[in-house]
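For clarity, chains are labelled A, B, C, D, E and F in written order, and residue numbers in each chain start from 1.
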Amino acid sequence: MDVKSLVDPEGGLVDRRIFADREIYELERERLFARCWLYLGHESEVPNPGDFVTAYMGEEPVILWRDLDGRLGAFLNMCRHRGNRVCRADRGNAKLLTCSYHGWIYNSEGKLVVVPMAEAFPDLDRQKWGLIPVAQLESYKGLIFATFDPEAPALLEYLGDMAWYLDILLDRREGGTEVTGPHRWLVDANWKTAAENFGGDGYHIATTHASARELGIDTTTSQARRWNKGRQIFCGNGHVLIAWVTPPDDAGPWFAQPVPELADYMRAHSDEIERRLGPVRARKVVPSAGTVFPNLSVHWLARTIRVWHPRGPDKMEIWSWAIVDKAAPAAIKRAMRSVSQYRFNAAGVFEQDDMENWIQVTAAARSAIARRFAANYQMSLNEETPETELPGRLASRWSDSNQLNFYLHWARMLDAKDWGEIKTTASQLR
Amino acid sequence: MADDLRRAVEDFLYREAELLDERRFREWLDLFTDDLSYFMPLRHNPFQRPAEISDELAKPDEGYYFNDNRETLRIRVERAHSRNAWAEMPPSRTRRLITNIRIKNDDGRELEVHSNFIVYRTRLEKDEDLFVGTRRDILRRVDGGLKIARRTIVLDQAVLAAKNISIFF
Amino acid sequence: MADDLRRAVEDFLYREAELLDERRFREWLDLFTDDLSYFMPLRHNPFQRPAEISDELAKPDEGYYFNDNRETLRIRVERAHSRNAWAEMPPSRTRRLITNIRIKNDDGRELEVHSNFIVYRTRLEKDEDLFVGTRRDILRRVDGGLKIARRTIVLDQAVLAAKNISIFF
Amino acid sequence: MDVKSLVDPEGGLVDRRIFADREIYELERERLFARCWLYLGHESEVPNPGDFVTAYMGEEPVILWRDLDGRLGAFLNMCRHRGNRVCRADRGNAKLLTCSYHGWIYNSEGKLVVVPMAEAFPDLDRQKWGLIPVAQLESYKGLIFATFDPEAPALLEYLGDMAWYLDILLDRREGGTEVTGPHRWLVDANWKTAAENFGGDGYHIATTHASARELGIDTTTSQARRWNKGRQIFCGNGHVLIAWVTPPDDAGPWFAQPVPELADYMRAHSDEIERRLGPVRARKVVPSAGTVFPNLSVHWLARTIRVWHPRGPDKMEIWSWAIVDKAAPAAIKRAMRSVSQYRFNAAGVFEQDDMENWIQVTAAARSAIARRFAANYQMSLNEETPETELPGRLASRWSDSNQLNFYLHWARMLDAKDWGEIKTTASQLR
Amino acid sequence: MADDLRRAVEDFLYREAELLDERRFREWLDLFTDDLSYFMPLRHNPFQRPAEISDELAKPDEGYYFNDNRETLRIRVERAHSRNAWAEMPPSRTRRLITNIRIKNDDGRELEVHSNFIVYRTRLEKDEDLFVGTRRDILRRVDGGLKIARRTIVLDQAVLAAKNISIFF
Amino acid sequence: MDVKSLVDPEGGLVDRRIFADREIYELERERLFARCWLYLGHESEVPNPGDFVTAYMGEEPVILWRDLDGRLGAFLNMCRHRGNRVCRADRGNAKLLTCSYHGWIYNSEGKLVVVPMAEAFPDLDRQKWGLIPVAQLESYKGLIFATFDPEAPALLEYLGDMAWYLDILLDRREGGTEVTGPHRWLVDANWKTAAENFGGDGYHIATTHASARELGIDTTTSQARRWNKGRQIFCGNGHVLIAWVTPPDDAGPWFAQPVPELADYMRAHSDEIERRLGPVRARKVVPSAGTVFPNLSVHWLARTIRVWHPRGPDKMEIWSWAIVDKAAPAAIKRAMRSVSQYRFNAAGVFEQDDMENWIQVTAAARSAIARRFAANYQMSLNEETPETELPGRLASRWSDSNQLNFYLHWARMLDAKDWGEIKTTASQLR
């Protein structure tokens, strides 16, 4: 199939089949989720030797496990003998994991250390039969990523300019961040409907979340809404975000904070923040939401990070965490988690209203008639974006440029035979 | 006497369920005290056999579906009556089965009452969800009647099967 | 006194459920008055937020699953005992959970009683259905006992998920 | 695939795969449900400007909407922007429909009238982005039909001789008819099992509905059963019905009515009825059940119309309405609806017993062994059918001729590239 | 008096359900007499319309899920606390809704009590099962309290939809 | 697809796709389940003329029916007219079965005996329209098997050496055996995970069923566990079992019995048993578990027989019976059934723990990454197996030889065009 024909950036059109076809989905499994860097978990979830969490890379169950020497590793959650799942807990601390079927035992480095009746496996080379490790694993300021593809570029190269913006959430205070969660729930929608939404859809807020404004619980202050100037920013490699640029009156970066306590907290530590992030990121730009390609989304203001795990073409499993500054006092952490979870989780007063839209966009993609008509991605407010000090390619907040870049990169990934090809095509872009 | 109390508690909880099933949310909110706490934590699969159910529940102020006080709960109630809250336009059709009502404690001022629930929700054409769990309530005697001072809702699922939670428990 | 009535109503409704689960349909029919009304309307998704649940229900004599009098209900009962009524050959295995029983009114002659239900049905090898909703009964005092004079069954689904309704509520 | 080989009219054999194969089902979506005239709703459901009901054309969700000038329109229930469903209600009255995702607003003519932040869509031609209308929409005496195919013949031509018989239900009294409902329910059976059943299966009544006879609640009087002479009638274009022909003793058309009140009602208005329908339709012929190709079925005596919506090869969603004379007094309407719903709906004393048969016929079609043996459609009582005044091709009530003609037309539709081809082949038939 | 008994029975069954939902299995076992019988037969689809529900149930000592005495039940309980019983590592999260409690008999020494149940089980990430049926208990008065002397559990399914039964009813 | 490449007996590797791929599953339906001898039921379930049970052959519903002359027959549970299921009961006694759709009636020989309105079927040859019989049906000592393939070898030839071992369960006492059950339940696992487990997996017991040992309810005595010497035995045609060989100290065959009553019972009737089975089978060898290819498994010690019915690549429906000596006294029968069901059924203290392993082995086979790594079947304890008096090919209990032979035969069956080919390749093996 000619994947690239599914996305028409000039016409601002996207073929609905990308949200419904099994064939495209299988291609995603092989060429996106088996090749990209995917978010696994946060260092604060596995602080001590032996700590583990079970997670997913797309549909692949994995164990994120800190070994007894403190090194992080990630392995397919599958016993190498017959293929039973070795770990059925969501999290815990373990020196060893024992398979419940025949008792093979693996250590925290994934090594196969015990084989009952070993004498019956004369030729078994244990080195070859350890848990299947990911090809690469790296952390970026607390966020742990992994990929199954040894040829994937280094994480920092992969993140590109997105790292610069992630710092604004991850690197404000000494000690970085910590998370609670995850919230996990199932939604009958294609994972991309959510990834695209967080990656650039400032447009839906006024309608989808009208009740939040009506009731004064927006993720941004009325001040920010009045200012109403924002940017779509494309960071390359499919990474996209939207950000506020602080008003000329220099209201300060907190101008967008949803609740006063948090604005006060930011003011109180503005020196440290500026020291760490520098003037532009400390005062000039306030990211709201974004997507680290392909399926990690971040909300800087609502302080949530979440993964849209694919579960077939028309289903996803959402994993969502609240993220706070580790150095913050307990009361502020509480406030941050409350801001986050009150707004964003299955019961969040914001997020409640998002699901149904994505479900129906996905349903429409199954319609024999509807798919004769491409979806509209033609928003493009012609607005100056002079913030030259901001990395990435800027567009007006009122644009579908991010979404189109996201899907262009998506098409490139599905089309490319290997990472070599991807890098070339990707570089052409900037 | 014990009987009167038992009957009063049953009537109170059935009445409460009815208000929710009939979408009389503001009246429902009036069943709570001003200092209410409304908490519904996340639940997970532990690695070690847990000594207590509570070992499977997230700690207060950590991971939760609800952690509301009167003001935040009030806003949810107003949302439920708003034409702009799409999650409930059109509204869910819910049915609450409240069973196994147990009065665990009574210090004269407050009662601790546990009850099990199935909340059935159907919406739009074919959406169907079952929410199953237990509730631990602190009911306070307020001028001759009862009010909910604290409610902890234990939902049994680790992964929520529903697309969202736009209803109350 | 109030207690006796409460107990009597509970016993009556539990007894009724038992007769149905044990397929003693003729005995079940005897629990109704001769002027019985047995009504189960359709339910739908309205465009405007409905002021009352009843705005979601079809009007009497319009769309309904059941709108029976004694004679039409009697025929259904006879069908349930007939070897020729294939829908129940072999018969469904049902279980009724009757909860949230509320006595809403008592004019001395008749009681208005509301109750919530889950009716679980499994049939043949693997058929499984859940019917969930509420019932509004008018129970009449008849020589020392109770009889059902009017029953309105509110099923919460807009689109019935079951292949048929060959049982009673 | 050679669709035509699936139906053998000479041998009276039908290949079970037509009830089970996904490939055949997808062909049905493209070549039947995207091309045929499909029933959408009844005018009495949308009497006033702004009234709408949401319905389906096969699996396609549509809005049937009477515009503010009183004209009927039907549109895919999908926002043209990203594809969200625009209307989630079953019915109501609206001047405008607002999409819950980004707030695009459409009017009752399907026109896109409001685009929030319109300035951000410099090149958007609103004319091009209205709701997707059906290609054609027409009413026949209260019944509203639509098709997605602009080349489909006019509705009257499509209905062919079926219209003549439909009048007997629709055009008896001044003012026509009105409906209540719909009953909606899901059955794990292929939609054709039901369409063929209503289209000609007088044969199953004595067995499947034995309890109805046993308990005296048949859809026809014992008189009709004694008479026991009926006709299968094929009206072309796949339309089929079965009808009673009144006995020589001229018992009158009411001889078949299930309950006395309705026979009396007919007698009371026999003049008006004869004036409208003429002598043959007023006295000579009494249709019982039939199917308007492909998936609208009618029961003249039980006064129900219903659509068998496909939901995959082995699932259907039934929508059923009770239909009554608008001019009838309240008590008669009540009686008509009671006759209808007491017998036909998920809880109907007749219909209860039909479902399981269709479910199992569908299940058998999935069996690897069973599909080696074709299904039997060999009933063909050799009986004179001299009623030359009746349009259509007649056969004995005790025949599978209707079913075979139904499937022959079905195969032609699936086989034909376009309507041109269909018309030719269809005309060959008569 | 009758009321006290009714209340006592309700409290007893609710307490029992709580012990199971809280995985206090050894305490649960203490609610049984030493000569306990714990029986859960298979259920099937008969060819002829059955005169009694019991015609659909396997005969004692033939096909059953449970046919335990104290010792065999004790071993199951120990399994439930064992780290080696993988079926419950990690443990199921269960919720019991006990309804339609009926005291059918009381000979002064023993009571026959019937109750309906839904046992909801969720486990691991997304496993969900509903077990629905009725229980017929013989409760014996033992020094001022009640104990379960005999329990017959009627599960309504003919084909069990769950991968296993590693819990109690 | 090259099925044979999925199994590598030399390397001891099996491709996970055999547990997950729809394509392979469809091949199994055509080439395994439509050709092999499959277990239908036990003669004790249908002792009298007219007795029937409904059963399955793979996914095909069948009726096992003893006709009025006492002969056993088996038929597809499908009416030949339109395909409705003719029998919806699990068991019973019937002279005739009436189809609920149009009333065709079949007798216990499967003959079509009544066609309502027969005069309307002028050319219907009733001989041709009886219930579809299996191609062959045979009993082996109470166990009733059937096949849809007329070319399948005779049952005894098919069973090969397995019959010799089955006798040890079936032919101990005069009168043979009788069964109770079936337990039926659904498990989201591929049927082969269970068939392979019962066919040779002595390895999993110590781990999976550790709690049984901990609590002293093993299927074998501590004596047997101490002895710990057992054999894998391959009987050809894919049939496999594991057996204990009694210790030199000649503890007697009962040494392995799970409970004393049953050992005592065996001792009490050892003469009769030896008379019937001969010295080797009466004293020397004690089979524990095995699989009659493809999906009938037997547990000699736990006295259960069960069928793993496929329900798609990742689902099975288990049917399990307790089997006892008909001649045993009531108390012993009770004890045997209790030993069996307390350990083996959905609630069995053994079987409870098996399911989850098989479910996860199946799930892993769907994983895009996991299937890049074959499953390990490399166990092969080099242990002398001098029991020359035992038929079949022996290997150590601590081996995967049975499993590999099972899958080799499986691959042959899927690969072979017809039974001729199968027999040749199979014979090559021994």
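The rule is short, and it goes like this: a contact is a pair of C-beta atoms (placed from the backbone, for glycine too) under 8 Å apart; a residue touches a chain by one contact, two chains touch by 3 or more.
For clarity, every value in this text was computed on a predicted model and none was experimentally measured.
Between the contact lists of chain D and chain F, the overlap consists of A, C.
At the interface between chain C and chain E, under half of the residue numbers appear on both sides, which makes the contact a different-residue one.
Relative to chain B, the chain whose mean Cα position lies farthest away is F.
In this structure, the chain pairs B-D and A-F differ in their number of contacting C-beta pairs, and the larger number is found at A-F. The greatest centre-to-centre distance from chain C, using averaged C-alpha positions, is reached by A. Rounded to whole angstrom units, the spacing between the C-alpha centres of chain C and chain F is 46. Averaging C-alpha coordinates per chain places the centre of chain E 32 Å away from that of chain F.
If you average the Cα atoms of chain A and of chain C, the two centres end up 50 Å apart. Those residues of chain D in touch with two or more other chains are numbered 88-90, 100, 184, 186, 208, 353, 356-357.
Counting partner chains per residue, chain B has residues 3, 45-47, 86, 89-90, 97, 99, 118, 124-126, 158-159, 161 touching two or more of them. All chain pairs in contact, by the document's touch criterion: A-B, A-D, A-E, A-F, B-C, B-D, B-E, C-D, C-E, C-F, D-F, E-F.
Of all residues in chain B, those touching chain D in their complex are 86, 89-90, 124-126.
Those residues of chain F lying in contact with chain E across their complex are 52, 87-94, 180-188, 208, 210-211, 214-217, 317, 322, 333-334, 337-338, 341-342, 345-347, 349, 351-353, 355-357, 359.
Per the touch definition, chain F reaches chain D in the complex via residues 29-30, 33-34, 58-61, 76, 78, 80-85, 88, 98-103, 116-117, 119-124, 129, 132, 148.
The part of chain A that touches chain D in the complex is made up of residues 16, 201, 203-204, 206-208, 353, 356-357, 360-361, 363-370, 373, 375-376, 378-382, 396, 398-399.
Chain B makes touch with chain C in their complex at residues 3, 7, 11, 14-15, 17-18, 21-23, 81, 83, 89-91, 93-99, 118, 120, 122, 124-126, 128.
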